[in-house]
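Take a look at these structures.
In what comes next, chain A is part of two complexes: it sits with chain B in the first one and with chain C in the second one.
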Partner chain A sequence: MAEKARVDGRSHIRRRAGPRLWLSAGWLGVLLLAAVLAPWIAPQDPLAQDLFLGRLPPIWVQGAEPGFYLGTDSLGRDVLSRILYGARLALIVALVAGFVTCVIGAAFGLLAGFLRGWVDVVISRAIDIWMAFPPVLFSILLIAVMGPGLMSIIIAIVVIDWTRFARVVRAEATAQGAMDYVASAQVAGRGRLSTMVTEILPNVLPTIIVLLTLEMGIAVIVEAILSFVNLSISTDDPTWGGMIAEGRTSIHQAWWVLIFPLITLFLTVLSFSQLGEGLKDRFDPVLR
Partner chain B sequence: MSFLTIKGLSARLKGSTFPILRDVSLQVAAGDVHGLVGESGAGKSMIGKAVLGILPGSVEITAGAIELDGVDLLALPPIERRRRIGATAALIPQDPLTALNPSRRIGPQITNRLVDILGWPRPKAEARARELLAEVHIPDPDRVMRAYPHELSGGMRQRILIASAFAAEPRLIVADEPTTALDVTVQKQILKLIAEMQARHGTALLFVTHDLGVVSKVCQSLSVLYGGKVIEATGVRDFFRAPAHAYSRALLAATPKYTDPLASLTPVPEAVIAAVQAEIAAYDAGHGRGAVQAVLRGARHG
Partner chain C sequence: MQLLRAFLLRMITTAITLIGVAVIVFVVIRVVPGNPIAMMLPPGATEADIARLTARYGLDASIPAQFLIWCQGVMQGDFGASITSNQPVLRLVLGRLPATLELSVMALVIAVIIGGIMALTGTRHRGTKLEAALDVGNGMALSVPDFLWGLVLILVFGVVWPVFHISGRVTPSLDLPFTTNFYLFESVLRLRFDLWADIVSHMFMPALALAIPLAAIIGQLLKQSLKETMHLDYVTLARTKGYGENHVITREALPNAILPTLTLVGVQFTFLIGGTVIIERLFSYEGLGNMAIDAVINRDLPLIQGIVILFAVIFTGVNLIVDLSYALLNPRLRHG
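Coming up: the complex of A and B.
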């Protein structure tokens, strides 16, 4: 036959993980370790107040005290230790809220996009209505009703953000559903739901993973916003948002109280989004 | 005794009176190749899809019967119908680029059919899949089994789809313009391959195409469609010797001649189109349909 066994050049493209994946995964790995090991590696008790040690600058600035590497806030609490403990809450929220949002949103999106018909109408209209609510106000309202606490934050994020998944996954599932391979699966006697899971889902998965990591970043931000307006978990527990809120008031006297949690937050959110893109580049079998 | 019998099949877009298929009847004998010919929009693919139970959700069947091996599919409950179609029929799709699941390797995509439809154990299915790939002249089947679709060329993918369609030994295959998306040199090989596989397996074939040249090579009989209506149904020999309908004659005259590539193409004359449309309008009026104007507009754009 004229055609050779062309499992051709296309299969020989090796995709490197690239610095994007390594850097973002590296930062998140460090953060995860920090969160898990916080009780052992934190130099100070994150809650210990000492007004005599208030507003100490970072270790490399004149007037610093040994043992307070990133300085202290106006109540004398160690900034580094609070960031480390804050990572625990941030990561729990990111992982749990991210996953739950993802599963719920993607499930609705798949159903709407693949089954079409009245299922699609109901879900799509629900998404439209849902998205008309201003998200921050909506979450503040939710938490005001449920009372502050870890559970409330997670529920608020899920309730607000499932539409983000549902909408994108619906569009992808619709596009995939029109492909001939889906028709072939149906001709071969596959049921609708089984086709959805075995044929559509694997092809939508790369998108879902990118969305999931984005969502984790967003969850961290939402948690920070809620801490900022004092609606996160109890005010005693250190959170990055809470630290930023406190640091804001003393920015002219002690910039480090604001800057270090802010940088941590920024790097974390950035890493989550880059992790998703990096994973997709690396593992999506379809070159897009 | 025909294997596939379509009787008076009519379909329309949901929520409109616009007919997509008008009283279509045709028969395909076991082991025969029947061509469905027509312009784009004539409804030829819709017939294939109706037979396989994969009509788009926006189309509904309003009348008629589709008998596969003597059983009316439309009278069966959905699950039973799907099982029956899966066991007796298969599809060779139009576009090989979208007809394989891009995120799964080739091997499982073929073996799953054997496991699903015939209930074979996986190792047996895999051995058979390898045989099938060799049968469609794919060199190095082992390697192809492990490849992802995007690693293969369009012609290779169409071969794989042909192997996969014949895998579970269906008795009817709907080939929906199987060569349209391929370039001309590959088209010829694929046609030859389909004809070869069809002859070896004795499968009945419903061959949807707009290319009369293809019909003359692979089909025994054909139906010419216009506006969702069968204009002429006859044997291939008779058709090419003496097409009965004016539209068929015009369609035949419009086929490009490879022996004279410089000759300008002959379009189907306006007068012939007007005559067919009048015929369809008369048919619609006779069936109490008030959609004549819509029909004429639709047909002209289609």
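Coming up: the complex of A and C.
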């Protein structure tokens, strides 16, 4: 009976993995489209200020103005247009920072896990040191050092988060390195680096892809946190975190300035994470 | 003997980690653009004034020399003086530490309670729609970080249904009789439950925001261990003896399923403490994290240094305690 319950539990997970994967991918697809098409679909100029149109409520609330669907902030800037333009920055950070972090972190993890020896000692020690930093404080510190800007955000994310990949990939590469097929490849005369790339890498690739998806969600959050503490890019450019920071201060006068960027950010982070979890279920041989 | 050797090795790696952190912070913050000394002086200060003040904070020496001087001071418990407030860093940092510790511990307690209830309920009703619903909630809680939960809580319990305070640590107009900065703890000792209620009402939202992701992790792992334990023979034996399901889960399965969760809670607790930085900012809570962000914005080098080192000490300390208690709790490791 117990066995049956377990089998049921698994098929349950499998059944849910489908819609979860599609819903997340769907939201991210819509967001990508919105980011690319922002100049054409945004109803207003995201930077245009008009103090006479300040704190207009969303279109379905009394006192709204036509053309400002989700209302305006205290400076009269259109919330919907700013969310659409903010998606550009969020997705650029997610993709670029995600990929660069992934490549660097996975490379260090592979080297440490496969080569072992002093390489492993140095990289593992570095990971320990990195884990002793509070990540949010570390990122704020790095931005303060490098100055605000898109490039700084990406560098900060890469510098802080490479350990996420390195730790997991190192463990997997160590496990794979001990397996027979790796020994056979070596006996067959392959070089160490060639074995690493052609034999180990394909086997840890599913893990790397899952981590990459999760990292993209983390990158979006880090960008939002940095713009929340006003250290992201220039204050005029629309960012979700910047909008949230403004919404937090005017929460009792204009709830819509906080709630719409928050919902967007929430769904985006949730989607990246659920996409990652969904892919993990697909890849995990135990669940299949 | 083996345990002692492992312990010594562990102490050495911990020391290396802390020195590594100190070196990195030291170098990183010294390439900060923007001269903190120039920011301190009133406009119209002469070059000589700037040079004198730079020398006073030791910022005229080379970076390695500054590091050595700083290390000497640290050995004597002197972390330098804050540039913005001119007070000893150690006193400032220790003054804020209790606020952050109380918040972290409260968050941990909330996470254990919520996570424990989720796991026990899920195990009790395994295979039902209730378990599936709990799993979905768990997945959400796990996917979204504390920063976003904090914002959601501000909206829900600060605006829509304003029952909790969403800003500060205590109502500023209250007269505080405290001699330490452990407000929550001391209010209980002094039997001032009116103050205690006010403090809890301020702390509950940020603590809950920090607790939600950890509660989800606890709920997930503990339920998994419980369900595995429920298949074991001794649990079946307890059932045949006629014990009810609730008794079997809490008395028989739980004690055996709890060890992996305890280890994980220890590791995750450091992430929770790291999360206090932004959560304190979000809720204007006067702890270490909030002070750290101000210090970065004001380019207060000695203060940033002190705070980061303190965080690193807490992180490595918690990890050390977790590893030690794991060795003590787990008989297989103890005799291994």
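Everything that follows uses one rule, which is that the second predicted complex is superposed on the first by the 261 of 288 C-alpha atoms of A that agree within 3 Å, B and C clash if a C-alpha of one lies under 4 Å from a C-alpha of the other, contacts with A are read in each partner's own complex, and residues count from 1 in each chain.
FYI, contacts are C-beta pairs under 8 Å (C-beta built on N, C-alpha and C of every residue); 3 or more make two chains touch, one makes a residue touch a chain.
Here the structure is a predicted model, which is why all the values come from computation and not from measurement.
When both complexes are overlaid on chain A, the residue A:W255 reaches chain C alone and has no touch with chain B. In the superposition on chain A, no contact is made by A:F99 with either chain B or chain C.
By the document's definition of touching, of the two partners only chain C reaches A:L142; chain B does not.
Using the contact criterion defined above for the overlaid structures, shared-chain residue A:L205 touches chain B, although it does not reach chain C.
Counting the residues of chain A that each partner touches, chain B and chain C differ, and the larger count belongs to C. By the touch criterion stated above, A:S273 is placed in contact with chain C alone, chain B being left untouched. When the two complexes are overlaid on their common chain A, residue A:Y69 makes contact with neither chain B nor chain C. In the superposed model, A:F133 lies in contact with chain C only, and not with chain B. Residues 2, 5, 8 of chain A lie at the contact with chain B in one complex and at the contact with chain C in the other.
Residues 49, 52-54, 57, 79, 82-83, 85-87, 89-91, 93-95, 98-104, 109, 112-113, 116-117, 137-140, 143-144, 147-148, 150-153, 155-156, 161, 164, 168, 185-186, 189 of chain B are the ones touching chain A in the complex. By the touch rule above, chain C contacts chain A in their complex via residues 13, 16-18, 20-21, 24-25, 28-29, 31-33, 126-127, 132, 139-140, 142-145, 147-148, 151-152, 154-155, 158-159, 230-231, 270, 273-275, 277-278, 281-282, 289, 292-293, 296-297, 299, 304, 307-308, 311-312, 315-316. Contact residues of chain A toward chain C in the complex are 2, 5, 8-9, 12, 125-126, 128-129, 131-138, 140-142, 144-145, 147, 217-218, 221, 224-225, 228-229, 244, 248, 251-252, 255, 258-259, 262, 265-266, 269-270, 273-274, 277.
Those residues of chain A that touch chain B in the shared complex are 1-8, 10-11, 116-117, 179-181, 183-191, 199, 202-203, 205, 285-287.
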